[in-house]
Structures are given as C-alpha cells and as structure tokens.
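What follows is one structure encoded as structure tokens, with my remarks underneath.
Letters A, B, C and D mark the chains as written, and numbering starts fresh at 1 in each.
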Amino acid sequence: MSLGPYASFIVTSYAAAALVVVILIGWIVLDYRNQTQRLRELDRSGVTRRSGLSAMDAP
Amino acid sequence: MTLIDLANPTRFLALTTRVLPWLAGATVILLAIGLYQSAYAPDDYQQGATVKIMFIHVPNAWLSMFVWGVMSIASLGTLVWRHPLADVAAKAAAPIGASFTFLALLTGSLWGRPMWGTYWEWDARLTSVLILFLMYLGLMALWRAVDDPSRAARAAAVLTLVGAINLPIIKFSVDWWNTLHQPASVMRMGGSTLDKSFLIPLLVMAIGFTLLFVTLHLAAMRNEILRRRVRSLQMMQASRVAFSNEVGTGSHQENASTGAA
Amino acid sequence: MSGLDQAKMQLSGRGVACVRGGREVFSGLDFHAASGEALSVVGRNGAGKTSLLRLIAGLLVPAGGTIVLDGGDAEMTLPEQCHYLGHRDALKPALSVEENLAFWADFLGGERSDAAASLEAVGLDHATHLPAAFLSAGQRRRLSLARLLTIRRRIWLLDEPTTALDVAGQDMFGGLMREHLARGGMIIAATHAPLGIDSRELRIGGAA
Amino acid sequence: MTALSALIRRDIRIALRVGGGALIGVLFFLTVVVLMPFAVGPDLALLSRLGPAILWLGALLASLLTLDRLFMADHEDGSLDLITMSRTPLELACAAKALAHWLAAGLPLIVATPVLGLLLNLDMVATSAVALTLLAGTPALTFTGMIGAGLAVTLHRGGLLMAVLVLPLSIPVLIFGVAASQAAIVGPMTFGAPFSILCALSLVSLVVGPFAAAASLRHGLD
C-alpha cells in the first residue's frame, strides 16, 4: 500500500484519531477509578446509602 | 429487561458491567476489520491516497450529529419524563461528542489541505461542523458552570433541544452564505456516486465508530452515576457532621453548660 | 501560646463619630475594653453596631475621634491584630473545608495553631475534604470560627456571631470565647441575642 | 510572599473548578473570531489581512468581559474585608489577583491563538507575531481592566458599565498590539518600535493598575 505524496496527512489523521480515542478511554478509566475509590473511602468512613434507594432518587 | 428496569440506576449499573466487555470486544473487532479494509481500499482516481482520510472523517462527522441527536432524545427525557438517567446520558455524551466533532474538523482540514492548499477553507460543510463544535463546548461549559447536577440538567436540556432545532437553520444559513461568496463547494464528497470498494470499508468504519461511541457513552454514564452517588453521600456526610456535633461538643465544653442540657 | 499572654491590652475610643451615606450614624462615642474582657455592643437596628466594628477593623474611616490600642504588638496596626467575623463567611464554595481554612491561614499569616485541631473543636473534623458548597449556614459559620482558632489574634470583632448556630453550636462557641478571654484575648461583639458569656454592655444609639 | 502565592493559588484553583470561568473566556474568544468571517465573507485573502485585528479585538473583549467579577465575588462573600485588613498591602493583593486572573484566563487565549490563526489563514510568521504581541499586551489589558473591576465593587455594578469605562483605556494597547503584528507581517515599520511601546504600556499598567484598583477598593468598602 503506497500512500502517495500526501502520506503525512493520512498518517496524521489516523494518529490523531487514535490519540483522541485513547485520551477519551484514559479519561473514562481514570474517572471510574477515582469515583469508585471515593465511594470506598466514604464507605469506610461509615456513610452508607439508605438501602434500596438510589443516590439519584433524591431530587 | 423493560424500560422500567433500566430506570433504576443500580440495575443500570449491573447491566452496564455485564454488557461493556462485549461491546468493547465488538468495537475492537469491527474497527480492526474496518482499518484493514480501508488500508487495502484502492486509491481514488482524483484524490489519490488521500481518500483514505475519508474512512475516518466521515464516521466522525456522522457521529458529531448522531451524538447531538442522542443528547436531544435524552433532553426530552429530562424535560418531559424527568428521568434521572436521561440527565446522566445527556451529560456523559457531551464530551465524547465534542471529541468526535473535533476529530471530524481535524481530519477534514487535513483532507482539505492537499486540495485547497490551506488547512482551513470556510467551506459550508466544515463551517457547520465548526459551529456544532462550538455548541458542544458551550454545552460542556454550561454543565461545568452549575454545581447542582439536576438544575444544570434542565438548563442543558433546553439548550440541547434549541440547538437541535437551530442546527438545520444554521446549516441552511451557512450554505446560503457560502454560495453567496463562492459559486461551488470545493470539496466533492462522494455521495451516491461512491464506489462499492469505498462504500463497504466506510460502512464498517461508521458502524465501528458508532459502537465505540456506545461503549464509551455507557462507561461515561456509569462514571456519572457513581459521581452523583459520591456527591449525595458527601452531602449526607456533611449533614451527619452537624448531628455528631450535638454529641461531640460536650467533650471539649466542660466549662460551658451544665444547665443547657 | 506564650505570645498571647504578654502585656495587658487596652482598646479605647474617644469621641468616635461615624457618617455613612451622608447620614450621621453616631457621634461622640466613647468606649473602652481591656484584654480578658468581652464588650457586647447593643442597640436598635441601624444604631451603628456593625459600623463600630468596621471602624475598629479599619474597614471604615471614622468621621471624628480616635481609636487607640495600647499594649498590643507595636509592629502591627490595629486591624492586623483583629479577627473580623462579619455577616458573610468569607468562604469559597468551590474549595474544600480544608482548603478554605488553609488559604486564610497562609494569607493572614502570623502565629497559628493546628488547623485540624481547630476543625475538631468546631465539630467539622469529619468534613475536611467536602466542598464548602455542601455545608449548611450553621456549618459555614463553624468553619469561620475555625479560622479564628487557627490564626491567633488577640482581638476578636464579632458581628452577630451566633446567628445560624444551633443550641449546641452556641454552647461550643461560648466555650471558645471563654478560652480566648482566659488567654488574654479581647472580644467586641455586636449582638441582639445574649452572648452566653460574661460581658460588659455598650449601648449605642439611645434606648432599644 | 506565602500570602501572595496562597492568594494566587486559590484564585487559579477556583477558576479551574466547577463553576469557575477560566475556560469560558477562551470559548468566547473562539466564538467571536469564528463569527467574523460570517460578517466579512469567507475570502481568505481578506481574512488574512484582517486576521491580527480580529484576533486582537477578540482577545480584548474576552479578557475584559471575564474581569468584571475579579473583586465582586470576594466582595460579596466578605473575603475582601479580610484581605483589606491583612498585613499584605492591598496593592500587592490586587496585583496577585490580577496575575492569577491572567494566568487562568489570559494565557489560554494565547495558547488558542495558533488554532484561530489557522482559521483566519494566517501563516506561521503572522500567527507567532500575533501570539507574541498578545503575550506582551494581555497583561496590560488585565491590569487596566482591574481598575474597572475595582470600580465595579465601588459602584455595586458590573457588566456593561465596566466595559464602557475600561474599553477606552485599552485603546493604546490595541493600537500598538495590532501595529506590531502588522509590522511583522507586511511592514513597512519595524516590529521593534511598536512592540517596545506595547511592552512599556504593559509595564506602566503593572504599576498603575494595582494602585488605582486598591484605591477604589479602599473607598468602596462600606
């Protein structure tokens, strides 16, 4: 496969797309870790949710 | 699994945990096939190898509009049914949609460079995507500006729906403005004349990217639900502090009040 | 804190007058307070209780008369030795309880004590990492009290300090004020409600 | 020194947290610049000629419109009283607040300039000239605008009134900022002369701004 005279543009597009997607995934994974860790900390400090009700059921 | 079941965030979380690995797997496979096919797609007789940028530009451009559509439906859910999951869905979609829109702009400008000689041309299609991108950023700023998520949700929902109505008007005006200044759009994007050897990889990539969005969106929604849980627990913790004082203040208050009790 | 129990302090005002918005709020006001003593400023609404505190804090300029501190730190001006606790809590909702307190400790400087201990004393030790936005009015007031405890200053100027505090909070605050006076501090408080400690009364603006 | 760095760190932190306005300024800048071609038409040659002026106007509006809450927020929650009473001279505290504002809201504008330069068909040289003049000139905008922010507290009014008061004061900065960028792009003047005047304006405002703001804050307290 030859990319012709504009190879750098093609490669840059694909690389940029990959980079942005990787950043998105990284952000989501880190955010997940953060939130679960904070939940665990809150759990340890003795604050628990009223059972059955969700945190979002409150207005 | 009915819609009522999904309404419960706890059940939604359980479902997400079960579905996510499958979705991620399907996304990876589809994108791999799509990349392979686009790598071996023939060159266009006019554009040469640069046509390969299309396989990544078009799915992102499609997603930039699709995500706004998803947010609009979620916003209806927020305003009409006051569904808490709808808030979460709308909020989680915004940064992902903005990222795809950014990619559409970037690849569009990289695609245009060999043809226009500049990275940016005020071409009608790209300009509309740029305005869409600004609206995504504004929406994200709105989410960030308000501390209380349910209040922010209603404001964001109104803005999203107004945007959904306005976007076609903006698109039309930009088209009109553009033709006023230059007779024909420089970029000719395939349309129905697209050859089958391009169409199949493009479709695979589009489906792959859509699956990628669904995967990321579900994961981001899960994060958002957890974030709200953390928030409400923290608020409970704050009010609990006040309660524990009633017991606690006595200890460093020997001299204070025997009478107050 | 050895630095606090040094010299006896005397704060006195002679013929102090205050004009705000072209209207004379009070004039010819004499007052006097010494370390270890609490002065509670009383009077009807609009009599100028808050204005008097702000005059002492240097936030308003007196239209006449003088306010002099004897026996304080000679290197510092009067406002720099005062804590001013106004109607507003000087808290940023976006920052956590800890960050709010740490900022004022860093910014105001001077002699300070352990922030964690002060938060415990006002009953906020479980909330250190929470954003101040989550706090109720009473809890915000408690957090401002923690500021008075963390940064050691001899003169406390308190404007309606007990509003928003519950009964337990008022008891707690009473204890803190007594401790402060016992260490040689001075309190000047504008208040409608009884302070909960022994204090001399300064009535301004005629009968209530 | 700890007092000032604490103030700077706090202000930047608040600007970046939820509810803070640091990035809204950049978004405003972006939007204003994108609007221009719709008014003047998509002619790239024309846009590249107007580019520096458009960028400078956008940056001017973006940095002034975000300024009106600089002291207002601290005034409303009582922080300003404590800042006034503290050992730190009010002038220095004002300068620290303005510096924090510039770091949180001014620097992002300069970072965004290359992207916008691309949209306006500016080449490398032109873009870097504009970015450089903005780097030298935006501190002047912030420190001049700070005077207006101080007056806003005194007058209990922000927003448009402040803009009306401050915009005339920023005319010299605009003149020499655009002149320096134009000089770098097309000549015939040398880049050095207007650029050094721009730097001088910044330095003067660095001195005058904090004193004027502190003076108006002192008289505005009640």
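Operating definition for what follows: a contact is a pair of C-beta atoms (placed from the backbone, for glycine too) under 8 Å apart; a residue touches a chain by one contact, two chains touch by 3 or more.
Computed from a prediction, not measured in an experiment: that's the story for all the values here.
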Nearest-to-centre chain - CA centroid comparison: D
Chain-chain pair with the highest tally of contacting C-beta pairs: A-B
Chain located farthest away, centre of chain C as origin (C-alpha): B
Whole-Å separation of chain centres (CA-atom averages), chain A against chain C: 47
Distance from chain D to chain C - Cα centre to Cα centre, in angstrom: 37
Geometric centre distance via CA averages, chain C-chain B, whole Å: 50
Rounded Å distance between chain B and chain D, as computed from the means of their C-alpha atoms: 32
Sequence positions of chain C contacting 2 or more other chains: 93, 126
Sites on chain D at which at least two other chains make contact: 18-19
Shared-contact residues (touching 2 or more other chains) in chain B: 147, 234, 237, 240
All touching chain pairs, where touch follows the definition stated at the start: A-B, B-C, B-D, C-D
Footprint of chain C on chain D - complex, ascending: 2-3, 5-7, 9-10, 13-14, 17-20, 76-79, 81-88, 221-222
Interface residues, chain B side, partner chain D - complex: 109, 118-122, 127, 130-131, 134, 137-138, 141, 144-147, 174, 177-178, 180-182
Of chain D, residues touching chain B in the complex: 18-19, 21, 23-24, 27, 30-31, 34, 37-38, 41-44, 47, 118-119, 121
Footprint of chain C on chain B - complex, ascending: 147, 234-235, 237-242, 244-246, 248-249, 252-253, 255-257, 260
Of all residues in chain A, those that touch chain B in their complex: 1-7, 9-10, 12-14, 16-17, 20-21, 23-25, 27-28, 31-32, 35-36, 38-39, 42, 45, 47, 49, 54-59
